[in-house]
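Naming follows writing order (A, B, C, D and E), and every chain is counted from residue 1.
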Amino acid sequence: MSTELFFVQLINGIQYGLLLFLIASGLTLVFGVMGILNLAHGSMYMVGAYLVWYLVNVTGSFTVAAALSAVIALGLGILIERLLIQRLYNRNHLDQVLLTIGMIFVFNSLQSILWGNDPYGVSVPDALSAAIPFTENSSYPVYRIFAAVVCVAIAGALYFVVSKTRLGMLIRAGESNREMVEALGVNIRTLYTVVFAIGVMLAAISGIIAAPMRSIVPGMGESVLITCFVVVVIGGMGSIKGAFVGALLVGVISTFAAVLMPSLSNMVIYIFMILVLLVKPQGLFAK
Amino acid sequence: ATDPVKIGLMLPFSGIYAQLGEAGRDGLKLALKQNAAELDGVTFEYIALDTEAKPARAPELASSLLNQHNADFIVGPVHSGVAMGMIKMLRGKDTIMIIPNAGSAAATGPLCAPNIFRTSFSSWQPSYPMGQVALDKGYKKVYAISWNYGMGRESLDAFEESFTAGGGEIVEKVLLPFPSTNFQSHVSDIAATNPDAVFTFFAGGGAIKFVKDYDAMGLRGKIPLLGSGFLTEGTLEAQGPAAEGVMTTLHYAEQLDVPANQAFREAFNTEYGHYPDIYAVQGYDAGLAIANTIEKLNGDITDKQAVISTMEKLTIDSPRGEFTFSKAHNPIQNIYLREVKDGVNVVQSIAAKSLEDPARGCKL
Amino acid sequence: MANDIILETESLSKHWGGIKALNDISLRFHDRQLHGVVGPNGAGKSTLLNMLCGTLKPSRGCIFHKGEQIDGMKPWKFVRRGIGRSFQKTNIYTVATCLENCAVAAQRRFAGSFNLLASRHTNQRVTEAAEKALHQVGLERRIHTVAAEISYGEQRQLELAMVLATDPCILLLDEPMAGMGHEESQRIIALLDQLKRDYCIVLVEHDMDAIFELSDQLTVLDNGTHLITGTVDEVRNDPRVKEAYLGKDDDAEEEAA
Amino acid sequence: MSNQLLEVHNLNTLYGRSHILHDLSFRLAKGESMSLMGRNGMGKTTTLKSILGIVPPRSGHVYFDGEDISHLPTWKRMRRDIAYVPEGRGMFHNLTVKEHLQMAARPGSNGETKWDYDRVLATFPRLSERLCNLGTELSGGEQQMLAIGRALVTNPRLMILDEATEGLAPLIRQDIWNVIASIRESGISSLVVDKNIKALKGLCDRHVVIVKGKVHFDGSSSELDQNLEKVETALSV
Amino acid sequence: MIFEKRTERLFLPVFLLIVLCLPLFLEANSFFVSKVTTVLILATFVMSLDFLVGRVGLVTLGHALFYGLGGYLFVIIAPEYEAVNFWLYTFYVCALAALIALVVGVVVLRTSGIYFIMITLAISQMAYYFFFDSLNFGGSDGVFIFMKPETSIFGLSFLNLDDPMHFYYLAVLSLFNTLLFLKLILRSRFGRIVEASRQNPERTEALGYNIFAFRLISYVIASTLGAYAGFLFALQYGFVNPSFLTWEMSGTALVMSILGGMGTIYGAILGTFAYEGLQYLFEHLTEEWLLFMGGAIILMVIVLRKGLAGYLEKLLEK
């Protein structure tokens, strides 16, 4: 591989990693920090993508559609938490698995009823549709750079909120001992509702941002779900920094694997994860 | 005839392939409805089972259609793995199995059987002619890329077969794990390799993603993109301008200038409110095969041997042009070269006339 | 025989990053003696016990059991050598009954834990040993109560019963009396007084009455370092100990009252 | 307004079928501090949890500052300026010492901030050496200090301490008593569960002894002295 | 008594009676015989998972690895066009699966909790890709088992695997044997320590048990049983496909076992039959069966606190 190609692929890898982080960000918050096992996270990603596709067709503007979709997702998150998740806090984690698998079924079915099963695509908003010349016969789209910037911004914000603010401490404390947080006079119910909803919104936002770059198809949620879990686990539960580094590593490694040994490239991230866990059974950034 | 003829459908109605399943079903029903008049009173009963494209459930569902519902015809599936499970159950049985999509070579190859028909294609068919097309266009070095599964591998092999036979060179052959859609790094690799052209097999969401990535990284218009026709089937709208100029070969094209096609498209649109795609055509042809057979037998389908020999000899007036069945029960059909212009697959020429699958390994 | 050295540490240290929880501790524990360990909070007492029972690996230094070096072994091997420990933070099987809790502890001695087929209920000796341990700590009324449903103090008693059920020859006890009421404490003190005739007991406690009453030897740790080891009287009158640990005098609490 | 801070009326609490508290009643005046004593398993912790709503009582009422708080969720009760130090300490395994204090800190409902981060560290200098350790990495005694500190930074009017000095070294225990005494002087009430009668006698104005979920004795320190025998039998045997 | 709960003592005989008599009411070749056979085999698989997750405390999303391996191992070791001996090959398949489980177990058991879930998932996905990409074992399309094994012992043959009825009773037998075996283990001294290690591993270690060994043995047992179930499933239709070892398969089994009542062992039967029954029902009622299925699952988690078995126990216990 020439040095030029190496750098091109490195950039591809980083960009893919950043996108992975974006998709995993909500999961890190809800699963890594709050400790709620939400397997329907991928469905929220799917909902975001379908919503923005639908709303772009209705409103004609990507920006408006994106904003609306995010707000709808937030509402959806509140609804889900209040109606369902909230009933399971005192129960086994496995009940959450069951519940959220049921939710996957429902969302997949609703998607097919509401929006049909054709594959869709959203075109890149005009303002960001330019491309920067890159190598002699290829160029780099501005939208992807924009997406990368959004990813970094969200990563930074999330890291700041979770590890530096009082809110973040409360969220983490809630994962450790809900009863005690409440005994400190904190309305943990509402807090968790809001944070869960934000997690859902983050998933949807990543669906929105990814929509112009990817295809919108049934089952798109499940296909990213496992990769997101891999990212969170490699980084170490509860660590935003870990998830970020994990995402970049997975992105870069799978990009290079895809070029150098394509037939193995899906296995590579699993092999990588197994290696990481054998050396550090709690992930890279475990406390 | 008093008892309705039972048609079992084993198609995916949920999951990634749901669109294909639904289109196939709609096409089939349309064909039988249109031909109802000629079938002197024969009525149909449909039993539709959702395969979810899960091979593990295939034998069980096939057994349900066979033993529980006593279906006379079983139409399905979309997914090759499911096809294998069905074939395991149905091979050598009395019930006729008509495959409306799955391209797996084995189905009309080593596993071919008198009661198994296919109205779609073998994976070999749509890709083989592209080799010659590429040579004609003067491409010498081609980068081939697809998913590493049956259909993907067989498509690339078929292309390679004709392309290298004519002196072309495959500079790189990449098989990605299915269903990964992280194509960006490969597109960069293509840019760096700088071949004369690229040949692909992708379908559905992967096809959209690949074409979009290809365009986004600036390769469109610089390195021609060739593909098996599924690259731009049912995906064109989502691909938008990114698909302009993509050349593909397939046994059908929406704008195909065949009388049956125009009539079919309009009828489909009036029935379902949208225009059909290739998957609907294949389902429609499965329906035609059933209808024509019943018609020829005057509604008496009790003798399965007669049903098989009748069906074998049919000439089906398909929207893709007339076709007949080969010995292995695979369609002998034209393959068209299409190019995307203004969001439409425009037929350029007939890339191969009455192409028959070699049916390697079939002993029929 | 009575004063055989059964457990010995040699410049044992434990560091966490910059924190030196324990520094260069060399101690000898004798058979059939109760060795008290006291010191201010965070002095490293629990850390010491954790290393003596194998759950923590020392950063430096060695541990000898009957002259054999045992540091670095798996924790469960320590137990097999007869080193049993109780936890400072109650550590029990909360959904099982008290009897079952102790039965788990007792079963190992009578082998057969890898027996896949023989019923767990048929081994009379296990049940008896478990019941005996519960009697010793005074939990006989709670034998069939689920551990989550007994009060905190009773859970502390159960914690101790479980160690006893393993029938160790060295007992490492981390604040066994904490959280127990007066009456229960008295009972445990009497029990320890009796047990120390047969076992080597290492007792960490903040209850000075108990420590002074029971200890044959007393070690004071402070901030990870070894302050003094000696008889109760030697330690009690040591000015450094008074300053670091006990306060002005023993009855400080009463004075505040 | 009455000068009662906390009134407990006929509390009945059950765990599943087992009836733990039977018609339990007592009151605590403003600025007063009270001890709650009893043998293991008599229902002290259950009483505290019932007051706070962590375990909902079957019947009975809890009044705080004259207001019936029986139907409020736990967190709203705590917002009335109650702080709780649970038995077992309730450390958060994923928060550092510093964060424990930062997350809990808030002014009292009257806006007072007598207790803040710095004052807690000054009271427990041991903690300031461990600021970056996780709560569960602390030694038992350090955890107890942190639990008390965490309660103090909420600037309560009523401190509820369960097993207040469990696992603390004599010197620190002394410190805690001093802190409680000084809290009392600054007008904060406290409700203390501990096994150390001697210390409690000097520290608290009133004493309640619970036997099998019923109030067995309720009186001032001098009354306690008079009934010492009765109380001591209740606490042993 | 192995069956300590009243519910078990009531439910299991009734269930046994029903499955034994069911064929009397059905045609031998009917779909329902083969459908119930499939569900019985699946229940065996779910039961082995229930043991591992609910009792040993090792939550895994990779159990289907062994379900798929059961079939693939047979395909790999058995000659293609020759009817081999069923008992002998059952032994071979199980022994090989146990060996693989031992090796895999040594690696994966170094982690715990969510990390264990992910590492088992990773290994099963790798096996999935291995078979998916392998040209020798049918790749993505899967392979056929052309010859069903014969079942003679010392020349005596009383079981004909080609007869659906015989296969049905084999499945019944397998399920109940698995149930008895697991129950026996759980009641044993070994079982006591296994459960102790789930509830409080730290404490169990401090009591002198090498919990790694206990977990490893349990893992091997559960995996071997899972492989056995997978082997039966592969034989039933003579078809093996890589999708048998996907995480979706593991996930579905997990759902069935939680639905049934995690850790109750017999709940696996309830969960599997309920799930498959509901799916069958909804599929035949409506095209949007997925919606109803999801709805039903959600409803059941909310309403049933401890799965179907828990509900049954509430009715029958005391």
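Here is the rule we go by: contacts are C-beta pairs under 8 Å (C-beta built on N, C-alpha and C of every residue); 3 or more make two chains touch, one makes a residue touch a chain.
As the structure is a computational prediction, the values presented were derived from the model and not from experiment.
Novice: Please report the minimal path length, in steps, between chain D and chain E on the chain touch graph.
Specialist: Each step joins two touching chains, and the minimum needed here is 2.
Novice: Please tell me whether B-E or A-E has the greater number of C-beta pairs in contact.
Specialist: Taking the two pairs in turn, the one with more contacts turns out to be A-E.
Novice: Between chain A and chain D, what is the separation of their C-alpha centroids in Å?
Specialist: It comes to 43 Å between the two C-alpha centres.
Novice: How many angstrom lie between the centres of chain A and chain C, each centre taken as the mean Cα position?
Specialist: 48
Novice: Centroid from C-alpha atoms only, then distance chain C to chain D, rounded to Å. What do you get?
Specialist: The mean C-alpha positions of chain C and chain D differ by 29 Å.
Novice: Among the residues of chain E, pick out those that touch two or more other chains and give their numbers.
Specialist: 129, 133, 248, 290
Novice: What parts of chain A, by residue number, touch at least two of the other chains?
Specialist: Touching at least two other chains: 108-109, 112, 263, 266-267.
Novice: Run through the chains and report each pair that touches.
Specialist: So the chains that touch one another pair up as A-B, A-D, A-E, B-E, C-D, C-E.
Novice: Using the touch rule from the top, collect the residues of chain E that touch chain B in their complex.
Specialist: For this pair, the touching residues of chain E are 29-32, 34-35, 38, 129, 132-133, 138-142, 144, 236-239, 241-244, 248-249, 283, 287, 289-290.
Novice: Touching chain B in the complex: which residues of chain A?
Specialist: 2, 4-5, 8-9, 12-13, 15-16, 108-109, 112, 116-121, 123-124, 131, 133-135, 137-141, 143-144, 213-220, 223, 254-256, 258-259, 262-263, 265-267
Novice: In the complex, go through chain C and note every residue touching chain D.
Specialist: Contact set of chain C toward chain D: 16, 19, 38-47, 88-90, 149-154, 157, 175, 178-186, 206, 208, 244-247, 252-254, 256-257.
Novice: What part of chain A is in contact with chain D in the complex they form?
Specialist: Those residues of chain A that touch chain D are 166, 169-170, 172-173, 175-177, 179-180, 182-189, 238, 287.
Novice: Under the touch definition given earlier, write down the residues of chain D that touch chain A in their complex.
Specialist: 52, 54, 73-76, 78-79, 82-84, 86, 90-95, 99, 102-104, 106, 134, 150, 154
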